[in-house]
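Some structures to go through are shown next.
Paired with chain B in one complex and with chain C in the other, chain A is shared by the two complexes that follow.
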Partner chain A sequence: MVKIGKAGKNIFLVLLAALFFLPVFMTVGMSFLDNNMPTFQNYADLLFDCFVFYPVFWNSVLYAAVITIIGLLVIIPAAFGFSHAKFKGKGALFIFYIILMMMPLQVTILPNYIGLRDLGLINTRLGIILPACFSPFGVVVMSRYMQSINNSVIEAMRMETNSVIKIIFHAVIPQIRICIFAVVLFVFADCWNMLEQPLLFLRDINLQTLPVFLSNTEKYAGSVLFPAAVLFMFPVLLLYNFFSDSLEKGLTFGDLS
Partner chain B sequence: MRVLNIIITLIFFASMVVLTVTARDIHNALLPQVTARRLTQEDFEFVIDFEYDGIPQTAVITQKRLAIPKELYNPDTSDAVFVVTTIYINGEERVGVRRVVPQTNEKNEGFYEVTGGISRSDFVIFTSSKVLEDGAEVFILAS
Partner chain C sequence: MKPTKKSRIPWNIKCLFCLVPSLVGITIFFVIPYFRVLYYSLIDNQFRRNFVWLDNYVKTIQNEYFQLAFKNSLLLILIAVPALILSSLSISLMLSFGLKKLRVLRTAFVLPLVIPTASAALIWATFFANVDNVLPVYLLFIWKNIGICIILMTAAFTCIDDSVFEAAKLDGAKRFTIHRKITIPLIMPTLIFSILISIVSSFKVFKETYLYYGGTNYPPQYSYTLQYYMNNNFLKLDYQSLAASAVFTSLLVFVIVIIGLLLQRRYTW
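Then we have the complex of A and B:
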């Protein structure tokens, strides 16, 4: 049997990482190339000659920010309910949540469309925001994390107040901050990359998102797409930089805490 | 590191806000600034030969015809003019120019009669701050 030394493993991991980063490097590299010559012209074309880019960029920011904020307001109490409340059918409901989380988007998108159409929310911002606010992923991850937090603080708080909101704010949130950061990162990234929902629910170009812009390759000059892809990566990378420390700890479901 | 992240984030989003507000104005400022007008109808004299009671006659009549100013187009020295058209760039309708060779016939003191190439509804470029090319985007100062 061939023994692979530590250096060999490191080289293998570096090569693997390089393989994963290759599309990113290529996108960034191509954004600075025009006819194989280095240039900033592609960025100039995007920023000063492609005005559709700005509304779609801000739409993506708006959708991702609003969904993340409203999503957290839903996720935290729901996760607290699953982890600390006692009610009939809790286990079955939690399994239902997990099944919902596992379902591919293509399965749920049509019922979502029918629901939004009946509510008259097709081609509105609310049509994108509303279904995405109730992400089962965040609830499942956070409720698992909450099961491991210090119950004595919650019990002590219960002696002082009956208000669940006060208990969540003063006893739960300070203990799950790391998990909140991780969930924020995932929910934001999920919304930021949203493609199918805007394609199906929105018709007005002024309501569309950046992934839809990037997918319309035939509509825009080739030179603007690579710089747009680089700028598309930027907000998520910035957010990742903010919360990268919390990401690993926040997704361990609290087992190591 | 955290401070650097905050600074980069602020710079990025502030730049995007500034560009959102100013990008179109910057773009327009860099375009050829043109003035465009519709061509007018001017009086042209036409000589008509005919017979009256078997005697050849010549009459000169005056008619209004679509006319292009001589300083804008001269068939002997100019090769074309530009008319305003709609072009599509990056998913948007923009104002551009189309190169047209007008067909001319009679001339009077200041104009050539236009018999083809330009219609009455076309806006013709009269002045431009830069040299124009077929299909170029322009910014119309006045029309």
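Then we have the complex of A and C:
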């Protein structure tokens, strides 16, 4: 009796996992179908006839890559500062970062827009890149992670050097590698997904991103959308393939108290 | 040890400097503009700039579309969030305490987290083409957000000492009792945090519906959420009511996050 229950539970779990995977599987399947007949024509249509696809794909790659790299240059020192600097109000500042991280885009997008307008960056690539580099998510996650690292290595290095940069490179980064990978995957996937900012900050079609392209279902023929959706998933799936372990071990910020 | 030149800048100041880039960016793009938004929400329009104090807020709250949006956002929190938490809790319990071989299945649940919403929304729109209710949007929300909850909960489970379970088993406790009395109380801070970020993500559901309904600014009534209200005011350049609803939503999120963090502290062992 108990055994049947257990087996039943396992089968249920397998079926549930299959159900969760189904949308990915179906997207790939649909991209090879035309009127229920298997074909490569959809991909040919997209890659040879749909010229707007290349610039928007390239834009998406550019934005996500640049934001991830600059983002890391901001996040890693900030997280180091949070865990090593001593100052009054550090706790309150950290809570401010957490609250900002939780704010929906529709709250932050108007401040972002106003900030960009004052700097004259509306309808430019920088307007998409700059605000995203200062997203507080990575700082919160990495600061939490840094609390669990071995500080004696840092103390030992301080005997030899006074350079914070050297210490971060040689004593901190090797210890937080997993967390960095997790943040890279998360930040990249988030920017790759960006829809509202390009939609509201950019007028020029040549600067647009893939999600905006995919949202124009009426403008483009249906046959190119599924192949585009598959190619759109591909880079994140590739990253996930490399970093999936880190994603599960590096995002241990569940207990913020 | 080789002698080093003694730096004139104290260590603590250097560590403080590390925070500067992040703080400057956040000040320029979030903090200062936020106060401008607050200011916009209190004046009558951008040109006359007369202070009308709470008029914009009263107008916003009385607006029927705002009320519709607020009701729909609330329903999402009351229905989709509990469903998300219960399913992620039971799935992560099954993954962590079930057959070891089945742990590979975790990928299927975590993967949606990184799948671009635009790709998912496309297949959703095809699959649910004939469904005329809000269920597909709730399912998309759960599908997309279950991964982060499972990651957080699984991480919390691995922190529990195995001896706790051994002792309970020796006392003859049933598996369900063990989870109810030991596992769940022990991961309470993480559970509260998962509920918190799920509520917050439910405020963020816009991309999903926007793409699911094929990029229209006017979805069916049942899917018109606060985010649509704000997005459409943005497009109409109605900064006063946009500012008022942005400030209103930010206060709401602020209160929810503070309550969540306090609860989390209260339940920490």
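Here is the rule we go by: the second predicted complex is superposed on the first by the 248 of 257 C-alpha atoms of A that agree within 3 Å, B and C clash if a C-alpha of one lies under 4 Å from a C-alpha of the other, contacts with A are read in each partner's own complex, and residues count from 1 in each chain.
By definition in this document, a residue touches a chain if its C-beta (ideal position, glycine included) is under 8 Å from a C-beta of that chain, and two chains touch if they have at least 3 such contacts.
All figures in this text were calculated on a predicted structure; none of them were measured in a lab.
Q: May I ask you to decide whether A:I69 touches chain B, chain C, both, or neither, giving the answer as first, second, both or neither?
A: neither
Q: Check whether A:A156 is in contact with chain B, with chain C, with both or with neither, and answer first, second, both or neither.
A: neither
Q: So in the superposed three-chain picture, is A:V224 touching just chain B, just chain C, both, or none of them (first/second/both/neither)?
A: first
Q: Which of the two partners, first being chain B and second being chain C, lies in contact with A:L15: first, second, both, or neither?
A: neither
Q: Considering only touches as defined above, state whether A:C50 meets chain B (first), chain C (second), both or neither.
A: In the superposition, A:C50 contacts chain B only.
Q: Once chain A of both complexes is superposed, is A:L126 in touch with chain B (first), chain C (second), both, or neither?
A: So A:L126 meets neither chain B nor chain C here.
Q: Who does A:N216 touch here: chain B (first), chain C (second), both, or neither?
A: In the superposition, A:N216 contacts both chain B and chain C.
Q: On chain A, which partner's contacts cover more residues, chain B's or chain C's?
A: C
Q: Could you tell me which stretches of chain A are touched by chain B in one complex and by chain C in the other?
A: 216.
Q: What does chain B use to touch chain A in their complex?
A: Interface residues on chain B, with respect to chain A: 2, 5, 8-9, 12, 16, 19-20, 23-24, 26-27, 30, 89-92.
Q: For the complex, which residues does chain A have touching chain B?
A: Touch list, chain A to chain B: 47-52, 54, 57-58, 205, 216, 219-221, 224, 234-235, 238, 241-242.
Q: Can you list the residues on chain A that touch chain C in the complex?
A: 9-10, 13-14, 16-18, 20-21, 23-24, 26-27, 30, 73-75, 77-78, 80-82, 84-87, 95, 98-100, 102-116, 118-119, 130-131, 133-134, 136, 139, 158-162, 164, 168, 185-186, 189, 192-193, 195-196, 200, 210-211, 214-218, 225-226, 229-230, 232-233, 236-237, 239-240, 244, 247-249, 251-257
Q: Inside the complex, what are the residues of chain C that reach chain A?
A: So the residues of chain C in touch with chain A come to 1-2, 4-7, 11-12, 14-19, 21-23, 25-26, 28-30, 32-34, 36-37, 91, 94-95, 98-99, 102, 105-127, 143, 146, 148, 151-156, 189-190, 193-194, 196-197, 200, 203-204, 206-207, 210-211, 214-215, 226-227, 230-231, 234-235, 239, 242-243, 246, 249-250, 253-254, 256-258, 261, 264-265, 268.
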